[in-house]
Amino acid sequence: MLSTDIGYIKKEFPKKIKTIGLTLFVVGTALGIIGFLVNPQRASLSYLVTFMFLVSIGIGSLFLVALEYAVGADWSTPFRRISEFLAGIIPFLIILVIPLLLNLKNIFPWTHKSIVDSSVLLRGKTAYLNVPFFIARTIGIFLIWWIFYYFLTRNSRKQDSTKDQYLTKKNIRISSGFIPVFGFSITAIAFDWMMSLEPNWFSTIYGVYYFAGTVLCALAALTLFVILLNEHGYLHSKINSEHYYTLGLLMFAFTVFWAYIAFSQYLLIWYADMPDETIWFMHRWVGPWKVVSLAIVFTHFVFPFFYLLSHSIKLQAKKLKFIAIWILCSHLLDLYWLVMPGMPSNGYQYYFSWTDLVFPIAGVGLLILIFKFLSEKYNLLPIGDPKLQRGLDFHL
Amino acid sequence: MNIDYTKELALVEGNPRLADIDEIITRPLTQPPTRKFYIALSVSVTALLIGAYSLWLTLYYGIGMWGNNVPVGWAFDITNFVFWIGIGHAGTLISAILFLLRQKWRTGIARFAEAMTIFAVMTAGIFPVIHTGRPWLAGYLIPYPNQHLLWPNFVSPLLWDVFAVSTYFTVSLMFWYMGLIPDFAILRDKSVDKIKKTIYSIFSLGWRNSNRHWRHYEKTYMIMAGLATPLVLSVHTIVSFDFAVSLIPGWHETIFPPYFVAGAIYSGFAMVMTVLIIVRKVFDMENIITLNHLERMAKVMLLTSSLVVYAYLMEFFIAWYSQIPAEQYDFWARVVGPYRWGWYFMVSCNFLIPQLIWFKKIRRSVVVLFVISICANIGMWFERFIIIVQSLSRDYLPSSWHMFTPTLVDFGVLTGSFGLFFTLVLLFAKTMPVISIVETKSVLEGAQPTVHGGSDHE
Amino acid sequence: MSENKNLNSIAALFDTPNKIITAARKVKESGYTKFDVNTPYPVHGMDKAMGLGQSKIGYVTLFFGFSGAIFIFLFMGWTMAINYPYIVGGKPLFPFQAFIPITFEVTILCGSIATVVGMLAVFFNLPFLSHPIHDSNYIKEVSNDKFGIVIEAQDPLFERERVIEFLKSLGAEKIEFIYEPEKEEFKILQPKFISFLVLVAALTSLGTFVTLNKLMYVVPFNWMDNQKKSNPQSETNFFYDGYAMRTPVVGTVAKGFMPYAYQGQAQPKVPLANPTLPTKQLLKMGQEKFLTFCSPCHGNYAQGVSRLMGQFPPGPTLHSAKIIGYSDGMIYNIITNGQNAMPSYAYQIPREQRWAIIDYVRVLQRAQNPNPSDFQAIKELKKESGKNAVN
């Protein structure tokens, strides 16, 4: 489809993209199923890490779309569609969560009646931490996300052909409504699926912590995809290093924001030194976890901070691709660090398992497949968007 | 209403010429003060004098003049401190953060907001000093080698506050002054009166609008904005650490840092809105401080109010979830306990009233926005009051519980803080350009060339 | 502006941003180096047109920011772990986590101060109020709404007529000549300067006098010298007798002090038991104290031969059967309470010394009324000392 006034030419993806995606997904899923059969307890936890990673990318990308509409930004309009495609994993979350829902007893200690009955604290929490309410919350939130995803993307895609500005206004309204809902729902997901792994521990900032990692992850995924696609000519010639610079700047800002939230949580718990709070960090300071904790400080904050501080690096596509992949891996490591040390309290001692590697492979494969599928059906640029020209003309 | 999203909203309405901008913005400086001005000034100076007297009573007779007791060792003093520091944050946010986000609409309001930051920080800085009871020993807070061979306690968040607030004041002052240098140069070149010309010459440092200077100036401005952004976030974070590192139920919450920052931005924008609505009316600047500005500020207020409400709900939920009776009680007492009226103020002003901003008609009605902004400040003051006084008066041991009752001196000092702030604001409005002349000129239509000299990355 | 003043530069005014950009580019391309562009606000693209590179001020920020961070971090560590180690709140002596907020703030403080001061003083060379361009019509127009180019006379390619032609060809609205300012001679003895010096001297001395002689005695600068409390030996009208110093209330007992049970009583029901062992050291002390306090009235050997010679009633001999029969506690009671003409010695002789005296008195009593076995013991002691030549 040629759109003469904007200059966007829609290209087909080469066949090998589908092959790569399918291979990764099939291999990963197959090995994952074997993992579940061999040791369901261990596999569920590995699966949980990857699942939270996919949630991050999906809902984080939808948040970026909504944010752009709500604040009226125009520099990101040219590649808003990429975020919309990345958010395409949201409808699948309800299906993807099923293996976890079937294995709740292997993951959460509070699902075991014996453990709950022997603890005064857990008995008090059963109004919130009970299986029916838990499942209802999860399914309900995913459904709500799906509804917002559906309407936001439908309006955006409709605009490609109708160029109706009223659709933008509708999407602004939907986005403004979505953002508060997003705030509370992502907090609930973080509390439910990660914080309750160690049900005697609590932190009011935990939702914000997951949010910071999520947005950073979504930005990194967006940067990676934008640069990859643009280098191969799938996007638009006017998307240039100035756009990349701004994406790099945002990744920098959210790296600092994540570090700020992480440090606040750590400092306050360290300072007050209350045993029921410090235990969570103590679990992450025994044996090999010490190395992982220090590694996270370095990989998630120190290295990206100094790397993205440089003005010239933020203008170079290759360097930004590298740091985007780096940040995505460090976010996965962060999620691993949040989830896995909960194991001892579950009665298991931590050990590294091959299942930990298997599910991310499947996840990446799934993302590639979804992305390819959506980009075949819809344009990679929102060609009907009234802000598109300003976005393409953007310069620093 | 037909909106065209293909065009950006006009930043300055009425399409004035470059030369007009000088005239519009410097007009209040060249005209003699009006009666309205004198009335406003006399009100604020009266408040300031009441505050000065209350302060003298406090310093001469001691902290016993206040209502502080054990366990409520902090009450109005620290409430006011956090309140004023919070108000200061909007200024830096508008001038630094909106600058980094390339939101050009900040030009109309940035200078004023920066000045308000400085005055708010000055007002706030009084409280940590006087609440110690022996403020003449405040010098020991700075780590210098002294005859007692003592160093301050670097582990205490109260000392982090000292560094944070003084850094914030210094950096804001420099940032503000930097922005003023070219404007002082304009005033120097325009003024005829010899005394004024001398003063403006000195303060403009001999600025001559040279482009060789502009390029360093712009880069420095961006660097300062880049430094001021994490600074402003860190200052209120460190203020929140005063509470969050403690063990008091209701204070030891990990969400305090971002919660306080969001609340600070909320109250700061509310105060900026209040003052700007007055200024644009009194000084006829409705074309430069437009309804679009007020609408955008209202949206920021709505956003930050939502963040604050998120934090309230998190606190309540985790207080229940943690199953710690002292925590659960503290939050329950906020709703039904002896200070519940403060909590009702807080919730209605910080949550219910800002919800009106969802409606476009409200966002574009100056009168309603004025009322909302005043309510927001009242609500935020009460939020700090509830956090501090409620949590302190009802902590772990019921036998230690005690009520706090403010004294007249407490109210006097609070009044005085408002008096100081508004006096400084009024004096500022009369002696310096309240809008950055240079920045306004640079965002006019046709102010930037369409011919490429080449694109320059900043 | 007289003709014999030196020409500093020639200035040209333009009225649109587009014109100034093209003009600036052309000036640069023509090879001029000592020229400048003056605009009322920063014009986009002017840096490239003038051939100027990126500003290097960022490096100043980076350097001073990080130096500040490292310095303050190590300084805090030094004060809290090395110079004055002090455990606060159970935290380690080097709590680096607690140092992070201040380190962060100081980084920003040092970075920003260095940047602004560096920008003004080093990059701009400001304050510089006497640049020739000030007070010209040119600068007044440029501040307002015009854009201008200035080509300095110092430029190697400068030639008066050629420059004027060139600037006119670029589309200049107005050409202006900027002259060097007249050199003002500064006479040191002029009345203005003298009066300024006198004023400064007067203010400094007045300020110093007021500070050191008046301000220092006022609250709070008198550092709590005059407090609303009573000092020793002072008067007060709070108490009926005007004394600020009070004796303790009757019956007050010092902490850890056991009052004497028989204070003021002549016959103790159960006299105290002697808690001391009569060691040589104790007896020596007892002897010393006896000679000090008791011998004036009772005599050096407690025989009642007082050296007061009748100026004061002499004390009785302590070798009477009655007194030998007294228990140690009874004698203690007499020393403590006094008896007849003998006053109480409780304030002069501490308790342990009283017991030591009593032990010594017992020695004296034994010396005066020895047992027959005592003689035997003395004989054997003398034999032993005779055996050992060293004694």
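Note that the chains take the letters A, B and C in the order they are written out, and that residue 1 is the start of every chain.
Just so it is clear, contacts are C-beta pairs under 8 Å (C-beta built on N, C-alpha and C of every residue); 3 or more make two chains touch, one makes a residue touch a chain.
The structure presented is a predicted model; accordingly, all values stated were derived computationally and were not measured.
J.: Per-chain C-alpha centres versus the global one: which chain is nearest?
T.: B
J.: Please name the chain that ends up farthest from chain C once chain centres are defined by their CA atoms averaged.
T.: Comparing chain centres, A lies farthest from chain C.
J.: Two chains share more C-beta contact pairs than any other pair here; which two are they?
T.: Summing C-beta contacts for every pairing gives the maximum at B-C.
J.: Find the geometric centre of each of chain B and chain C from their Cα atoms only, then give the gap between the two centres in Å, rounded to an integer.
T.: The computed centroid separation for chain B versus chain C comes out at 35 Å.
J.: On a C-alpha centroid basis, what's the spacing between chain A and chain C, in Å?
T.: One centre to the other, that is 55 Å.
J.: Find every residue in chain C that makes contact with two or more other chains and list them.
T.: Residues 58, 89, 91, 98 of chain C each touch two or more of the other chains.
J.: Considering chain B alone, which of its residues make contact with at least two other chains?
T.: Correct list: 230, 237, 241, 455, 457.
J.: Quick check on chain A: which residues sit in contact with 2+ other chains?
T.: Residues 267, 271, 311 of chain A each touch two or more of the other chains.
J.: For chain A, which residues count as touching chain B in their complex?
T.: My answer: residues 74, 120-121, 124-125, 128, 165, 168-169, 176, 179-180, 183-184, 187, 202-208, 245, 256, 260-261, 264-265, 267-269, 271-272, 274, 311, 315, 386-387, 389-390, 395-396.
J.: In the complex of these two chains, what residues of chain C are touching chain A?
T.: The touching residues are 58, 89-91, 97-98, 100.
J.: Using the touch definition from the top, list the residues of chain B that touch chain A in their complex.
T.: Checking each residue of chain B against chain A gives 3-6, 8, 230, 233, 237, 241, 244-247, 252-258, 306-307, 310-311, 313-315, 318, 321-323, 358, 455, 457-458.
J.: Under the stated contact criterion, what part of chain B meets chain C in this complex?
T.: Where chain B meets chain C, its residues are 17-19, 22, 59-60, 134-136, 143, 149-151, 153-157, 159-160, 163-164, 166-167, 170-171, 174-175, 178, 182, 185-186, 189-190, 201-202, 205-220, 223-224, 227-228, 230-231, 234, 237-238, 241, 438-439, 441-442, 446-457.
J.: What part of chain A is in contact with chain C in the complex they form?
T.: Chain A reaches chain C through residues 263, 266-267, 270-271, 273, 311.
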